[in-house]
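Each of the two complexes below includes chain A, the first together with chain B, the second together with chain C.
So, the complex of A and B:
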């Protein structure tokens, strides 16, 4: 079909994309497709339990439950966009929480001064583990999977050494009352969710609008190409793992506030839950593609399934089955898209792509 | 033509395991001239380009820029001297769009405070990219689609436009026309002349002898990691070049 390949002589003849195709393009963005899946799930449960499920009280509960995972999901999205992985977030969260709890316990009182120190300590601990991850990955060239598997074990082990394996249950009341299960004054929105939302918005802007975000995509897309045009790849990777670590530290203090305990044993599946959400949201494990928005949607799918199954009386274990299926489906879609992009190398499919408006981004 | 080469390599050596990719290679290019670098597959052309663009550590040898010895140990350093390269593998980020690739590593920040926060002036980067592609006559249709989905020729055009836009001293083009159509090839050869006329030293690597003789002022032949001959393009023939490349015609003047 050579007739479809006639190319204009200059680039200038290519016009701006017309409006009618932009909706179709939107439909092919994975984070948008997954949003439709989420809406469908929501509507099914709303139909099955109209009295309970679609109420603000219930939705508020769901939002509160995903807030901490949302904070971790930000860093994980950056990491996976670089085609990396961070398995250590859950352990890092526990470690940061434990050290912060210890410090606050030692300070004795339950006021804001103590709480502020605790927050700084938690974020600092998280940042420390993140920097260690980043340096080992960027400078020592150890694969991210191995580095963060190592720090996963190390952080959790040290948390248990510090506490002797017994959870600390003394958390300053101000943290619990305001951030933990308090609401934003004058509303019924959990404070913890507002904190998560603020971080999500800030880092979504960083990822999608700034040079730091652009370099994140560039490193994930082709590390070698980025290096050759002068992007400081090592520094970028270290910053990204440090960010993921610092956010795990934030997660640590939020978790302390919400549950009032260090919950050392409670985070063993956190890393996988966060990774699943990021991938469901359309971020490619192979790097170069991803959105914070997708991650947020990807977090809500398991949470809504869990909540909905409980309400309609299905054994909640089914949630794991359903999430597993969604996860595999999401990666399948990503693979097909990548295969389509690879085929795009031949000009033959290019013509076809133009004919049918398929898109490979 | 000035007497001091804008870029000169003396006795460059680099081994990969047992393979001596560069074995005492010399090379020189003057401002405002097109030098074709030719040689069989594996002769060391790409390796030489990598060495001269700050992408390869050398075992020995020296590199002179405008007569002064330089230590080219990073691509950033090469770019700061105005040395740009179109790599054989193009070195584009497939998930980024044409404009982002064009400006990667040299983004235009938004004016003022926003710029200092890291926000980018995408509008002017797009406009400048568009102008650069138009100047090259490149058929880059969309500035917002990822370049990974584009045809080989379109990708090549983007890589060339990028290097041309930034090159002030020397530009290396490692087989820039390999994936191009007839019209686009003509455009690239035209661009090479235009860049040369601006006073940039152009190093053109190609396996197409007609193109080499068409555009080059001088031809340097690399064999087994060494420069074995240099010819004035006007005074040589395809047969002579092929002979020097394969070694059938040893003892060529240089």
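So, the complex of A and C:
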């Protein structure tokens, strides 16, 4: 019984024996399909507003506006691959930003020294909340939904306690000028997007090419099986929630840089937006399947839809309708694949081959 | 053929794509005529709020008579992190002018400055930003005067004085802060009244109701509450009704949406301080069109407000009630 469970699930993860077809592994079937959907949406808007929509200036600002969500999406992908959930990312981001802003305000000057301390403080705060989430989930066995729902309220509440609910708007100018609104020298690529891209690449390698990543998939496929083959499940879970928290801390400092304010009242829907992007990108809420690449594509769909709707002058409410449709379709696809695997007709790998028309049998 | 997952997903995407082409047809062609009619974009503070709907009615009417087109956009919540992407997208579309109610004085500064730098005329309506030097014009209600007027209304309802409380929305919103400041000034200057301070409801009626319930538990002898915006007024009324103190606590609301007017009719709220959103919108369009033509604009315009009570609601107060549709 245990062996039949383990076999298809490890086959579904990256970094297993057929390492050779790495391109196909990267474009796991659903994230590749969703890329096609994204391209279709892009082409429709490009046809509707050919002089405005498909320009670098417009694409650049879409990229800039998804950068912070991209950083949060990395951690969320890891968490959801373990069949967990992290609702606290938005509050954690606000809390980290608030504490960092307070510290930088106290230090007074607006130079890089202050900014560096602020960055460390923000990441440290995020890491702290992440560790708390992880320990409660792994050691105290409280379900992730409840733990992170609790820290969602706690982090936001403490942020309001610290500030009295009044946004702090004294952010060092170097942060705003370079990270927030600056470009990478010699290009027009926003610095904030380069930061996000670098983190995405690093953690994509970690998830898909390292033992840490493999263990993440193993825990998500079957926690019990992973434990039996010697994976330190508790430590793995704590590390993953800590990672998600630390990345929320990075998001906090990026948000301060971009908005120049702690925006305490903002970010209330950030957690759900990030979860939706991860799921649209093909990561299974039931764990064991997922890619960072899919998450990035999943983030661009709502962003491109909103941008396109604004440019062609459609009511913004339609964006939510369209994103909702794509989200439900994505989960439906995941469910069908799981049902097929459960019936024993095909493992995940075979299912993927069938979808590409490459089935050999 | 069976419904394969790939087919389903693509179908959903195509459906989403076609549905948006279907509903965008009219507006896209109207906006496509470059050069001829000036293109205006109105960015609301939050979509669906009657205050912004009334302002939009004023803007639409003024633009129509001037032969300009208006594209209205707004975030789902009063939140700068949601409004900024909209502003960026609008800037990319390069309309002739943007009329916007900024959701945060700091966060919207840079995106709007970038819009102005791209040659788009920016008119700030209702709310403003830290340094509005780039804007062609800033039009708002005299919010501090409105706050003071709200205190006078409470004083009129409670001539003997007592404890008074303010339920505001979020800190950092220039208009709400000014209303609170005006009220605070009036309350502190009058020795008969004790000012209990301000609580922030984050634009959530349920939160406002909780805050008022808690405040009444702490100070059961509160005589007056000034609810600084629409959502705060809705929640405050709920909180007071939950505590069963409708007869003791007088509420003065700011804004006059249909919900507030109904509360005024029902006797839950005793007075409303109404702004003139349609007038803000009309003047906003006038200033925007002047700026587009290169004429000089008025940098700072303040519009008035009107006290609405049950007594004048059916008479001259009626025209100041906000609309949910034009």
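The criterion applied here is as follows: the second predicted complex is superposed on the first by the 316 of 361 C-alpha atoms of A that agree within 3 Å, B and C clash if a C-alpha of one lies under 4 Å from a C-alpha of the other, contacts with A are read in each partner's own complex, and residues count from 1 in each chain.
Here is the rule we go by: a contact is a pair of C-beta atoms (placed from the backbone, for glycine too) under 8 Å apart; a residue touches a chain by one contact, two chains touch by 3 or more.
Only a predicted model underlies this, so the values are computations on that prediction, with no experimental measurement involved.
In the superposed model, C is the one of chain B and chain C that contacts more residues of chain A. When the two structures are aligned on the shared chain, A:217 is found in touch with chain B, with no touch to chain C.
In the superposition on chain A, contact is made by A:325 with chain C only, not with chain B.
When the shared chain is aligned, no partner comes close enough to touch A:105: not chain B, not chain C. Once chain A of one complex is fitted onto chain A of the other, the partner contacts of A:30 are limited to chain C, with no touch recorded for chain B.
When the two structures are aligned on the shared chain, A:183 is found in touch with neither chain B nor chain C.
Touch criterion met: A:229 reaches chain B, while chain C stays clear of it. Chain A has no residue lying at the interface with chain B in one structure and with chain C in the other.
Within the complex formed with chain A, the residues of chain B that make contact are 55, 74-76, 79, 85, 87, 90-96, 100, 104-107, 109, 117-120, 130, 133-134, 137-142, 144-146, 148-152, 181, 183. Looking at the complex, you find that chain C touches chain A at residues 4-6, 8-17, 19-21, 23-24, 27-28, 30-31, 47, 71, 73-82, 84-86, 88-94, 104-107, 109-110, 130, 170-172, 200, 202-203.
The part of chain A that touches chain C in the complex is made up of residues 29-30, 33-34, 36-37, 40-41, 44, 48-49, 52-53, 55, 57-58, 61-62, 64-65, 164-167, 169, 176, 180-181, 255, 258-261, 263-270, 303, 305-318, 320-322, 325-326, 328-330, 332-333, 336-337, 355. The residues of chain A lying in touch with chain B in their complex are 7-12, 14, 17, 206, 209-212, 214, 217-218, 220-222, 224-231, 287-289, 341, 344-347, 350, 353, 359-361.
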